[in-house]
Amino acid sequence: MIKYIFKRIVSLIPVMLGVAFIVFTLLYLTPGDPARIVMGEQATEEALHEFREKEGLNDPFFVQFGNYVVKAVTKGDIGRSYMTRRPVFDEIMSAFPATLKLAVSCVIAAVLFGIPIGILSAIKQNSFFDNITRFLAIVGLSMPVFWQGLLLILLFSVKLRWFPSSGFDSWATLVLPTLTLACNPLAVITRMTRSSMLEVVRQDYIRTARSKGQIERIVIWRHALGNALIPIVTVVGLQFGTLLAGAVLTESIFSIPGVGRLMVEAIKMRDYPMVQGGVLFIAITFSLVNLLVDLLYAYVDPRIRAQYK
Amino acid sequence: KDTLTIANIYDARSLDPIVQNEVAASGAICHINETLIDLDDEGNPIPLLAEEFEQIDPTTYRFVLRKGVKFHNGDPFTAADVLYSIERAKSPLGSAIKQYPEIIESVVAEDDYTVVIKIKYPFTPFWGTMAHTSLAVVNQRAVEEKGDMYPMNPVGTGPFTMKEWVKNDKLVLERFEEYWGDKPAYKTLVMRSVPESVNRTIELETGAVDIAYLIPTADVSRVKDNKDLNVISAYQHSTCFMGFNTAKEPWNDPRVREAVKLALDINGARHAVFRGTGETPVSLVPKTIKYSDQSATMPKRDVERAKQLLAEAGVKLPLKAQIWSNAYKPRVDLAQIFQAQLKEVGIEIEAKVLEWGAYLDGLKLGDHDMYILGWTISSVDPDGIMSGIVHSGGGSNYAKFHDEEIDALIDKGKTMPDGPEREALYMDLQKRLNEQNPYLYLYAEETFYGVKNEVENFIPSARGYHNLAGVSFK
Amino acid sequence: MTQMDDKKFILDIQDLTIHYVVESGTVHAVENLNLSLGYGENLGFVGETGAGKTTAALGIMRLVPDPPGKVIGGKIIFEGEDLLSKTESQMRAIRGGKISMIFQDPMTSLNPVITVDKQIAEMVLLHNDVTEQQALERAVEMLEMVGIKKERARDFPHQFSGGMKQRVVIAIALACNPALLIADEPTTALDVTIQAQVLELMKELRRKINTSLIMITHDLGIVAEMCDKVAIMYAGKVVEYASTEALFNRPAHPYTEGLFNSIPDLTEDEDELKVIKGLMPDPTDIPSGCSFHPRCPYAVETCSQEVPEMVEIEPGHFVACPVWGKKLLKDSAATEVK
Amino acid sequence: MSLTGQPIVEVKNLKKYFHTKRGMLHAVDDVSFSILKGETLGLVGESGCGKSTLGRAMIRLLEATSGEVKFWGEDILKLSSSRMKEMRKKIQIVFQDPYSCLNPRLSVSELISEPLLVNKVFSNSADRIKKVKDLMDTVGLAQRLVNAYPHELDGGRRQRVGIARSLALSPEFIVLDEPVSALDVCIQAQVLNLLNNLQKEFGYTYVFISHNLSVVKHVSDRIAVMYLGSMVELTDYRSIFKDPLHPYTQALLSAIPIAKMDVDRSKRIILEGDVPSPIEPPAGCRFAGRCRYRQERCSIETPELRQIDPGRWVACHYAKELKETV
Amino acid sequence: MSVQSSVKVKSEAGLLGIWKRLCKSPLAMFGLFIVGLLIFFAITADFVAPYRYDQQSLMDAFQAPSKEHFFGTDEFGRDIFSRIIYGSRISLQVGLIAVSISVIFGGFLGAVAGYYGGRIDNIIMRCMDILLAIPSILLAIAIAASLGPGLYNMMVAVGISSTPQYARIIRGSVLSLRDQEFVEAAKAVGSSDSRIILKHIIPNCLAPIIVQCTLGVASAILTAAGLSFIGLGIQPPIPEWGAMLSGGREYIRDYAYMTIFPGLAIMITILALNFLGDGLRDVLDPKLRR
């Protein structure tokens, strides 16, 4: 197992190099001069030049990329933000808690509701309840989050005044963003649970369990869910990974100081080190969540456990 | 009540005075670090950390420092701190604000409480420079101790000390009990950043904040109608204008520029976009700034005359052109209205909205026809805007405007001591500019601050950032 | 079939009808099925794919998937009581306890995420008043009985080969000494040598535990080896029912005969197989009268109109064919010519 | 049919290994034999013993690891791809699963005419259609099915389509990879009769792969028994059933349940244990672990497939001795 | 003993069969209807819309929905109804072109990776992993920022960022088809690689691709709207729904209809596409057919 984890982490290296390269290329192709944006319209030409020199922006592309990689690998230094002059890592870490909190609360909400609803929907296939949840799940997938967020603010902050519309300090501030953001994962998880359960309850071993005289509740929760969990874990992981990358739109609507907003700001401000570091960080987080999901597979399914040895 | 909560649109990017040159940062820093002097509403220097100051000769200034001032970490404030702060601002670290300390030739401490500053050449707006937050005094020991973490833990002599900073969410400041001056009436200052304008109003209405900056015009009447709330409006030292690319056919012809001016109903457009608030400027120099020429008038819209002028200039219609702008909504809206209005004279406009970085880059390359941009004056003097965008060597002269006589006037105005003579020069300058129309002045934005009734003494400043130390509750 | 004394039989199925209602129509999976099984008897249940063997077995277990399956009518008398009128919880006590079932495919009948000992213990726990520990001990015992070493008790199903999995399935089925064991093609998915192992094991265990057995298969060889009685099923109905000896030596239904002829004989050489023409009827659209008549070489006009009754042609040998006599005559004529 | 015809296919030292995560999988390990013109060679063995792999490697649907396969004396494993395409007309295959071997998107006529089309046998489509109809007649498919899609057909008919496809190019040699395993007994019998009749009529040479011994016996002239990638016995069909020599063959035969009452089942040999893994198999006789007669030598020395009697090949060190005892 | 079903629908494959089964699902039909309407609007916007999308009338700004303006007017007095109708053109284009880009790139890469396997597969899929590791909205933002805003750049951005998904799906189906016996059977009769891919593999993985496409169009429209919402989308006055929503959000409290209608338009479109996609999935998936 340890060896497997190690192997997976090693295999991240080329992917991360690729990610860094793509981001570098994109930024290189992006119009907009960081010096000018950072230093403002009123900066002198000389000052701009000095800035570019200092940040190595005048070097050829591959030299820049090489320097970056060498520094990152040898010193673990992914640069300083142009805007704040602080280490990129510190900056990300100051935005990450908010994103993490939001992601966790969304995933918890989505899992807590999605899985039971999905199961119920599957065991009562084609019932009224099933049809309604299926319908609502698609509706949940179809709502643009930014619109939903606005409407929620309109309803809960303006009309009812139940929850604050922005900020990020108390649990109350978490409610609306979670409500907005959890909709999509909830729908996805419900659908996945349903289809995966439907697949599993048709399996022979479920029939075997029933033929033992086992009561239905245990058949469903122990025999069926245990086996249906793999695809569910996958989507939960995927959703979590996506949420950890920052929910740009939700964060900006609810003024949440998260990674997504940080990244968008950084892109707009051409804060190259910030963008590079941020994307790398997100990619690593994403990959680590994937690894975690794969390890969870092994926990859930002994057949997969065997493969990791 | 001992907590004042305000909602601003952005958060400070850094609390290190020399890292950033932006309003939000200044608005936070000015509570923590102080400059030697401040400016009053007329732009005249008033004492702050310097008790006395004088101009010894055209390039030498002497400041006598206040005694008994303490930094938040307990260190006494002396001339050494001033030297350190200015040197630090001039070092490569301060490249983002380089244009301010650049003028300074040398700083000398005559004794522990006297500082003499020499500048490179006579520079009339120098007081403004000294009042800029980038030259605020920092504590050497704190800067060196904190290192990378300094911007998160700034130490100054100001009325507030740093307590907590959740980036992009809120900055919490606490009253500095050993402050040398009048201590604030409340204990805690919370500065939140709420980018969605609708949310700022909502937060104000729900009582979560006491002052909301930059209330959207759509919400002004709502806040006004709320019996618990009040709206305070202010103008800033800024002008928004539409520039022509005067290096490009046919915009190099002043008649074409005038035709465009006549074809537009700028006032009406401004009314629509800002819902009647604000003003349409008649000069490039904002009226809050000295020597602004308010005598000019905005001509009435005259489509026929515009067509005639275009014909005189030999422009083949329909003329295709682009108006560029960044994604700031009022500007985009204006561009769209102009698009409709210019269609009537046969100019077919494509409105091109660019993201800020790409926008500046594009302007630099100069493929544009017309562009909408604003200019905020940081040192309260007309020179800044003139040198910046009118002078042919100006770094932001995206209109590529070039007029030898005007250039000469600007160079001269820069070094002239204040007085009627200087005023006359700037009046002349503005008149000449208005004849050539390289820029059409679009709007001076009126900014609105939503304030709870119980909040007293909130006086917005035209600088765009506001010192809240004097605010009190009823 | 004439009505017989319930007491003689452990299981007596009367007019059982099970349908599947699906999009394309109603599948008449089991139609008016009559069948009985004495105590300790060993019944082979033979028929082609889709004849309704599994469905009938599931019907006995009351496990027909609903929807789409529907038990339309009939009675399933087990030890004197009708299973179809039992409540679900009464039924749960019978399932596994008194009747247990071995399913067709050992690869998929075991829960892949639960260790095998727990899967056996689950069965023990459900029907006996024991602690979990005791149940697990019993599970290990059962495993050893079916020839799996106890060290492997904590393994997961995927760690076993097909034959071993089938042994585990058998262990589960026999864990509570059921009175009736239904084995649904227990060896079809296995290789011949493994199949031989499993069949041998089943014979041995049956000797020990002495349950009644219903062996579902389409392999007449297995029937010959394992069973006392045989029921031949065609399109949802039993068409012939007899002792194995009688059926193999004197097949009476044309379908049974065709079935025998279709199997290449290992012990003799034949050049051409005598095949039954045509195909199994579409289960949603079963021919009227005798459902075999379109394929029957001896069919007469009445075959397409009247549903044939089960007739006892010799003691204990029932056949549902009105023309069996004629056919038999022909048969004997043929032998004479030889 | 005599056993002294011309060898149409000669397989020499054919090996096919697969790289798997757990090591090299010896699916077919050093197999040599020849097939005579017009005969049917039955290939039996348990699941996973490499029957299909051998069948596919023989006709180069899989690239063999080493060895040669001579078709009329020409090594087809070394042919260029264009020559191989020519050769494919002579060599065909029918697959096990009639459900997955037909492209569900193509109609019966498209399916049957595909070989004609890709090999450009007919230049005009009318001829092609005629040929398709002829083929359908040959395999006993009603003409009305010409536009049907595979899912509308039952297994037997699908298998007939598969057979028609492989007959389209008039091959000489056909590999039948379990053509009836997925079919019910009655339909199986129909297809077996069809294959038999076709062989009689056109003189095809078959390799008939199956794990059902009674079926193999029914159709084959000679039978080869495979165990774990290697061939353990190759004999004419009568003798293999009368007196099998290899211990594995003996066990295999005795394991078959016979649908008759009056057979003696007492001599059944029940093998212990399971088929071992073909991954990195140990040296020596592969059957040694389960063999009743195993000696020390068996797990050291790999037995060759040797001719014991004329036409009887056995891969067992003690074949002669066993023969005596039987 | 019971009523026998007399008619039997035999034909299940082929377009007709698909159509028939699709007809049985009311939600899928609803989806199809809305999509049809959308296409109709997109084509005939010039005739159907009561006003032009950029026709301003500052006097008529902020009018609530009425007979003249079904959905009211915006801050320039432009008719929101007309703008939404014109907007369908944009959304449809964004959806279709973005999806075409990802299908073409993703399909090609996925098919090559799946069919040839081995090292090629490895290289292609690692590249896709890299793209996948960058969150798609971020990638879209970065691409939009680097190419500059605008309709076509946005389509490219959205298209590229969802390429890996298609590559994965197509690789998956090719991989499973490659091992099907009918592919081998085609090889056995001498078919060339290109024939196998074009005639045998592609048609058989069409079903998951079609489904993914309908859903992909939906998510492309959403992503595009999201980009517009944060100001990286389309140039005004082009009536992109997301941009309309973004523009109207300042007025949400007084003139909620300015945000509600474009939002509804997006939602109904996505809903319809999802219904259609789900319906198609049920119809085309042989596993669900049984």
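Here are a few things to note about the model shown:
Per-chain residue numbering starts at 1, and chain names A, B, C, D and E are given in the order in which the chains are listed.
Heads up, the rule we're going with is that a contact is a pair of C-beta atoms (placed from the backbone, for glycine too) under 8 Å apart; a residue touches a chain by one contact, two chains touch by 3 or more.
As the structure is a prediction and not an experimental result, all values here were calculated from the model.
By the document's definition of touch, common neighbours of chain B and chain E comprise A. Should one ask which of A-B and C-D has more C-beta pairs in contact, the pair is A-B.
For the pair chain A and chain C, the distance between C-alpha centroids works out to 53 Å. Separating the CA-averaged centres of chain B and chain C is a span of 90 Å.
Separating the centre of chain A from that of chain E, both taken as means of CA atoms, is a distance of 22 Å. Annotation for chain B: residues 196, 198, 355, 357-358 touch two or more other chains. In chain E, the residues that touch at least two other chains are 145, 148, 249, 252-253. Here chain C touches chain D in the complex through residues 48-49, 161, 163-164, 191-197, 199-200, 218-225, 244-245, 248-249, 258-267, 270-276, 279-280, going by the rule given at the top.
Residue ranges on chain D touching chain C, taken from their complex, read 46-47, 154, 156, 184-190, 192-193, 196, 211, 213-215, 217-218, 241, 251-252, 254-261, 263, 265, 268, 270-271, 274-275. Across the complex, chain D is touched by residues 10-14, 180-182, 184-192, 195, 199-200, 203-204 of chain E. Put simply, chain E touches chain B in their complex at residues 54, 56, 58, 61, 75-76, 145, 148-149, 231-232, 235-237, 247, 249-254. Chain C meets chain A in the complex at residues 61, 63, 65, 67, 91-97, 100-101, 103-105, 108-114, 122-123, 126-127, 156, 158-159, 169, 172.
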